[in-house]
Amino acid sequence: MTYTYQRTIHFADTDAAGVVYFANYLSLCHEAYEEALGAAGIDLKNFFSDNGIVIPVAKSAVDYLRPLVCGDKIAITVKPAAVAPDTFTIDYEVTRLARPAGKNAPAPRKLAAVAQTRHVCIRSENRARAELPPALAAWVAAA
Amino acid sequence: MTYTYQRTIHFADTDAAGVVYFANYLSLCHEAYEEALGAAGIDLKNFFSDNGIVIPVAKSAVDYLRPLVCGDKIAITVKPAAVAPDTFTIDYEVTRLARPAGKNAPAPRKLAAVAQTRHVCIRSENRARAELPPALAAWVAAA
Amino acid sequence: MTYTYQRTIHFADTDAAGVVYFANYLSLCHEAYEEALGAAGIDLKNFFSDNGIVIPVAKSAVDYLRPLVCGDKIAITVKPAAVAPDTFTIDYEVTRLARPAGKNAPAPRKLAAVAQTRHVCIRSENRARAELPPALAAWVAAA
Amino acid sequence: MTYTYQRTIHFADTDAAGVVYFANYLSLCHEAYEEALGAAGIDLKNFFSDNGIVIPVAKSAVDYLRPLVCGDKIAITVKPAAVAPDTFTIDYEVTRLARPAGKNAPAPRKLAAVAQTRHVCIRSENRARAELPPALAAWVAAA
């Protein structure tokens, strides 16, 4: 089941070109991933601190399709897929929701970016690969 | 009327000490300010770009009372007050909502930080002071 | 000619896992790109604001190879390549410089990440593609 | 002895108003603090992670005097002062260095912001106050 996260673009997300800074799209996607894990009952405090097992991002890729501005409402879909017992990917679609008419012309719903992250589970002491924790493996498998 | 904004602490908010990075409390407060303006019908895209009139933060002050970790639910109250026709302040209280029992012990609701920002309206061409735009002045007065 | 930028990892770059937050590698690479442009005599204030022509990042990709911690010294190489009159890519290598022996064991120089960004020049009014400005085209060609 | 840190404003520091985002001034000041500690021989990796003793920021205050834009060269002075065996403050002055004539008019050196942070040393297990570690106390006393 694909999880969908909704969010408003904040001023802190933007840069001097007036739009969301390109690196911040990855932060938006990671927020959506966190919300998806939280909705699945996974405790974020423990998940993202170093408790012997860590699951860092090994790769990221983003296609930036349309700019986003402060106040835009967005929806991000989060779709994990298993790759191996220690590895999974997540596909994200960042959609700008329709802008109502205000001072600016209204604007329809549009895809703003697509992204993928690849996550590999490792032991933090020696960085050897380890199987995903069961709760996370279940979340990946349920997608 | 005091506006209250709710938010979850994200991984991107934290630093290597395991808690929210101190500068990011100001970003959290600014988000709450933006949400309060949006709820009052003020268009954020135009408000925060440079349209001849800008309303930069002239001062900020934060008291950090308790650390916040990834996954914490917080509520931020936003309380503006008029100072002069071109100036207002906003007081914020950042409260960590009660943590349910999970892997960690449950924790009661606690005040995590208090902050104040001071905002001065100026013309961007010459940085001369200017009266607050009517919609903003109304928002400040209604508080 | 490949440009090399040196930098120390700051506390603000890190997250609660104790290492640089994955999205911030793109910010580090963009800093290196800015420094490379500045070294080539390009005025950054005008380059990165919206003056009718903007050159947003259209794609990014990062391979994260090793974690970086607060205080690490890094070097980033910046290697642009022309793709079309309106498009270029930049390849980055982020290297952790050797850590001297301190409280921790010394550590040799290691590649920490490789990244690529793709940049497309457009007119901001209609988002139609436009040729790269001459100074930028010269910088890309000289690489 | 007052420590001085020099830095260029990066695109990631800015927001859609075209200038450095107000919360990021605190990050700039913290960078300057880190560089001052590093110059005094203090190992940053250990200093800023949680090793039983942590020294969080308890208060911050900033006066924003002038905007800073991408490409601006700045200098930040770092001046610590002892308050108690477990407490010290740091005063910062953020100065924009002179802008040479380019596409824009030249601009003289100007004070852009002043800030203060207050730091309190505590044991992380129970948040009880603790004396500053000797190397840090020496750095504060030498100022």
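Note that the chains take the letters A, B, C and D in the order they are written out, and that residue 1 is the start of every chain.
Throughout what follows, a contact is a pair of C-beta atoms (placed from the backbone, for glycine too) under 8 Å apart; a residue touches a chain by one contact, two chains touch by 3 or more.
Quantities reported herein were computed from a predicted structural model and do not represent experimental measurements.
J.: With touch defined as above, tell me whether chain A and chain B contact each other through largely the same residue numbers, more than half shared, or through different ones.
T.: same
J.: Taking each chain's centre as the mean of its CA atoms, which one is most distant from chain B?
T.: C
J.: More C-beta contacts across C-D or across A-D?
T.: So, comparing the two chain pairs, more contacts are at C-D.
J.: Report the inter-centroid distance (CA atoms only) between chain B and chain D in whole Å.
T.: Once rounded, the distance between the two centres reads 22 Å.
J.: How many angstrom between the C-alpha centroids of chain D and chain C?
T.: Each chain reduced to its C-alpha mean, chain C and chain D end up 24 Å apart.
J.: Which whole number of Å gives the spacing of the CA centres of chain A and chain D?
T.: Their C-alpha centroids are separated by 31 Å.
J.: Can you list the residues of chain D that touch 2 or more other chains?
T.: Within chain D, the residues that touch at least two other chains are 11-12, 14-19, 21, 23, 27, 30, 48-49, 69-70.
J.: What part of chain B is in contact with chain A in the complex they form?
T.: 8, 10-12, 14, 18, 27, 30-31, 34-35, 38, 43-49, 69-72, 102-104
J.: Mind pulling up the chain B residues that touch chain C in the complex?
T.: It is residues 11-12, 14-19, 21, 23, 69-70 of chain B that touch chain C.
J.: Which residues, counting only chain D, touch chain B once they are in their complex?
T.: Of all residues in chain D, those touching chain B are 15-19, 21-24, 26-27, 30, 48-50, 54, 56-64, 67, 117.
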